[in-house]
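Next, two complexes with chain A in common: one pairs it with chain B, the other with chain C.
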Partner chain A sequence: MEPTFRASMNWLHTWSGVVLGSLLFAIFWMGTLSVFDKEIDRWMMPASRLALPEQFSYETMRPAYKAALAAKAPAVLMLVPNERNPVITALWRNADGSFAQRLFDPSTGTELPDQGTFAASRFIYPFHYTLNLKVFGLGYWIVGLCGMMMMVLCVSGVVIHRKIFADFFTFRPERKIRRATLDLHNVAGVLGLPFHVVISVSGLVILFSLYFPSSIWAVYRQDARLFGREAYGSYVRPPARQAADLVSFDAIVAKARSVWGRGEPNYLYVFNPGDAAACVQVNRASEDVVSNISHVVYVDGVTGEMLSANKPEKPAAVTQRFIAGLHFIQFRHWTLRWLYFGLGLAGCVLIATGLLFWVESRRERHRKLGRSGARVVAAVTVASVTGILIATLAFMVTNRVLPLGGSAFGIERPAIEIVVFHLVWLLALLHAFVSGGRAWVGQCWTISVLALAAVLLNALTTGDHLIRTLADRQLWPVAGIDITLLMATVIAACVALRLARSALADPRASQETGA
Partner chain B sequence: MMIAVLLLLAGWSLLAGSQPRQFSRIVRHGHLPNRTGIAMRWAGAALLMGALVILVRGEGPSFGVLAWACLLSISAMAVALTLAWLPKAISAT
Partner chain C sequence: MKIFARTALAIVGGYLGTSAIIAALSMIAVAMVGMERSEAATLGSMLGFVIYLGVMIWSFAEPALIRITLWLGAVTALSLTLVLLLGRFTS
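Let's turn to the complex of A and B:
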């Protein structure tokens, strides 16, 4: 036990940061990329770079429904095309339990060729809340722990910061690296504090039924259906085991609109497809509100009659949906989307500088005492920060290099991309261990080269070069990704040059760091 | 939105300038009178609140407050980074 409260908080802040810092960085990095998940999808799935039709008929979703019907899916979720995701996306589980996703043209309804990638929606986005560890839901629990610890880090960070107001704007890049790193850590932490707290709390609140199930059990016991019905107005009915065709999707949406008054649906969820008891859940898109509110209407799939419309949500559910909305950012507000992206990057800077400060403040002492702690944390920090950036870029480059339908050693295209991501991340860790302090320079150059290669490969393999994408409004998402990659190229090259120059100017320091 | 951003940058700049440490970084050997510092602080806070009013009126209460909270952080970081390199830029000119 430390002698004072502040010293105890300092111990807690230091060690929880060192132990979970790498995981937190991975979660923040993937979460930050998820802000533009649909745009990354467009970049990685060239066939989906389509224009939205001026007049969209929901009946265009019929081929997607029929594809699920042919696969004997017990339910099919169909995402309505919108500005960010201009394709009809159908998702279902096959009879054998495997997951299927198909894309359809929003103008004609014809199926688009399989793009052979999980892209951002199915790899980067789920990574930030599951780490893609599905066994026993382990990923959810690890990320939940990290979310809790992020709040602990925020609170303990404020407690241990003696001159929080005096240092409010203090960043002195001209000072020694240790001091400058701490300054940057403080600036990113204090000035971004509201965002870091809100994003951590809201992440936990979204999955409250997993992390705090007792809140539901206390009132509803084990009856999750009753909870869903009362909180969100959900509706279920068993299949009738009699074949029947679905009414027009336009009629279903018109029925839902008669309840909402205004607003368009963001998805149609057909339960019991092809059955006389088919019902369609239609959810109003929350593009014009912060809250991720569920305005759900259930329509009989055969008669077109309304079965249920969600009752006004209870205050607790309304609060939960608002906090969830702060995290999900499903609203249509480009300024806020970019601000979230910037603040997410600030969170990455906060975590990276925290790890770096730990290493820099112990490196010399550990070297003299013959301890390997600082060296191990230094290598893990390099792999966690620049390593995951390299792995992400390798994921994108692989996407552009592999031919559609390609496979190797029995591994299909989407899995190859993911294997490359993990393999490159592991190689970055090995490189960091072997190279010591020089690893930062080498990995920054690698980021620069890979980011540039990704832009060039996109232009070569799709013909959508920057001039073309900038000129065409519907290709702006692709242009945005390319410009961000080019900025990464320049920034990483500048950092690499500066680090290499300081290593030359101070060979003693670079010797200590292994350069 | 642009006016709100400018108000936030101006507000944070005044708040930063009201701190003796930041003031002496910008104005070499400069002395900030106590009264001026307090006045700058109030003016800075007023500008930050002014940005909130503009955003709430322009974007509505939910989006306005959210945009203000996000811009508050980003603009403060922008001021901190500007102050970091400003003395070097001033001495170079």
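Let's turn to the complex of A and C:
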């Protein structure tokens, strides 16, 4: 490699950054949005902007269970409504293998009209960890490699850094744009370093048994399926092929609570519904703990007796869940949630400025040598940074424009939103290629306009404008999204103005970008 | 060309080598330390990320490609032998 360790690390940092930066940005961006996935769901599914009932009876989940029973689902997962997600969500697989998700009113149990969108929990969130590439689970592996490379980038970045302390306080926005970019990259990298490391490690550790299964294979040999049972005390039993009714959900939850002491469940997972061997998995909501799976119990669905209730006490398993919980952020803490959001954005800034610095420091040289490398990377950078922001906003705007139950060219409503997302992203890439260095200005204006349009369309189509949403506690999630969108409008406009001005002030740069 | 070989060695070779090492470590933990097997498997998998990171960094820092190949090959072979021996010994 290079003559010294530091030079090798510099090379590694530069090239892994250029090659994977775009993908990393997409993963970080979608992950940052997923911090507020439930709030985005409320925004995109207006019928679910509901208030929680004062006293929730678990029997309200009965219609949701009945719907799954009618669909002959082998198992049904029912999410208990909570502050962030005030609806009963039922998820199951139909007999033909297709996936179903239905929403139910938390007060009456009646089904809500189909909202015709995948919103955040079925599009943005899975995009974060699979890129929505389902073929052979390819998405998981690409994201996993990106996670590993993020750690490599953190380590090599620290090694090539000379004055780590001085960079805490160094930001020179008035200097040349290239210098400012590097300063911003260093500030975001140094201040956010603990977060960037923890978020990459914890993301990988969630899927440890997928990414590094060899230790499980080695220890368990032929019966690797025993691993889940031994590590997590999971309980399974085959259906008895005999019809039977499920006992009251309140009784099931009461049984679980008798083990927990205090706490409410966050989901009820019914296996073998309608069968005499029905079995309900109940997990204690992790509102007050970091670990995302805090205490699982299994209750017999027909007799209401406890089947299995092992408290997780094995050190390695508990550690794994704690680290995973750091990534899932299911605990209730609004300050920390916003901090995760802010640090996620800092990660986005870190990746974007890293890419920009590479482009800016080569633009001149490549132009003289007649090489196209910097130009290609520049266009890809624009598309993967501002492009994905525009595509996300277009996704949200489309959601507010399309009528419920609408379809076009035989494509269902949820799919149209996703097609628009990808088409707009592609258009952003084309635009970046065509307009070269000026693309940033145009795309920043587009972000500004689309974000404002999303807020206006939300007010127009649902009547939930800011004055109303701020006044009503149950509509705060919608208000939060609207305010964030308005902030994006202002920030994007400021950046566009600033970039346009610096292009005017530096005629050499504008000539170059115009070329 | 050498860069491609090095990258492939770091990513693919590093992954396979790490997988072999953690398999051996988990088996040692079960057979010799007496750790519960689900615990050994979980711990081994989680260590995998750290070991893999180290192997990748080292693959890009070590000047001689041949040395990386030999070291990785030797450690993998040793780990796999241990897995086979311990597997026979315990079952």
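The rule is short, and it goes like this: the second predicted complex is superposed on the first by the 506 of 515 C-alpha atoms of A that agree within 3 Å, B and C clash if a C-alpha of one lies under 4 Å from a C-alpha of the other, contacts with A are read in each partner's own complex, and residues count from 1 in each chain.
Simple rule for what comes next: a contact is a pair of C-beta atoms (placed from the backbone, for glycine too) under 8 Å apart; a residue touches a chain by one contact, two chains touch by 3 or more.
Computed from a prediction, not measured in an experiment: that's the story for all the values here.
Following the overlay on chain A, a side-by-side fit with no clash is recorded for the pair chain B and chain C. Touched residues of chain A were counted for both chain B and chain C, and C has more of them. In the superposition on chain A, no contact is made by A:Gly410 with either chain B or chain C. Looking at the shared chain after the overlay, A:Leu326 reaches chain B, while chain C stays out of its contact range. When both complexes are overlaid on chain A, the residue A:Ala188 reaches chain B alone and has no touch with chain C. When both complexes are overlaid on chain A, the residue A:Ala231 reaches chain C alone and has no touch with chain B.
Contact with neither chain B nor chain C is seen for A:Gly97 once the two complexes are overlaid on the shared chain. Taking all C-alpha atoms of chain B against all those of chain C in the superposed arrangement, the shortest distance found is 21 Å. Across the complex, chain C meets chain A through its residues 6, 11, 18-20, 22-27, 30, 36-46, 48-49, 52-53, 56-57, 60-63, 83, 87, 91. Residues of chain A that touch chain B in their complex: 166, 168-174, 187-188, 191-195, 289-291, 326, 331, 333, 335-336, 339-340, 342-343, 346.
For chain A in complex with chain C, the touching residues are 1, 5, 8-9, 11-12, 145, 148, 151-152, 155-156, 201, 204-205, 208-209, 211-221, 227, 230-231, 314-317, 319-320, 323. Residues 1, 12, 15-16, 19, 21-22, 62-63, 66-67, 69-74, 76-77, 79-81, 83-85, 88 of chain B are the ones that touch chain A when the two sit in their complex.
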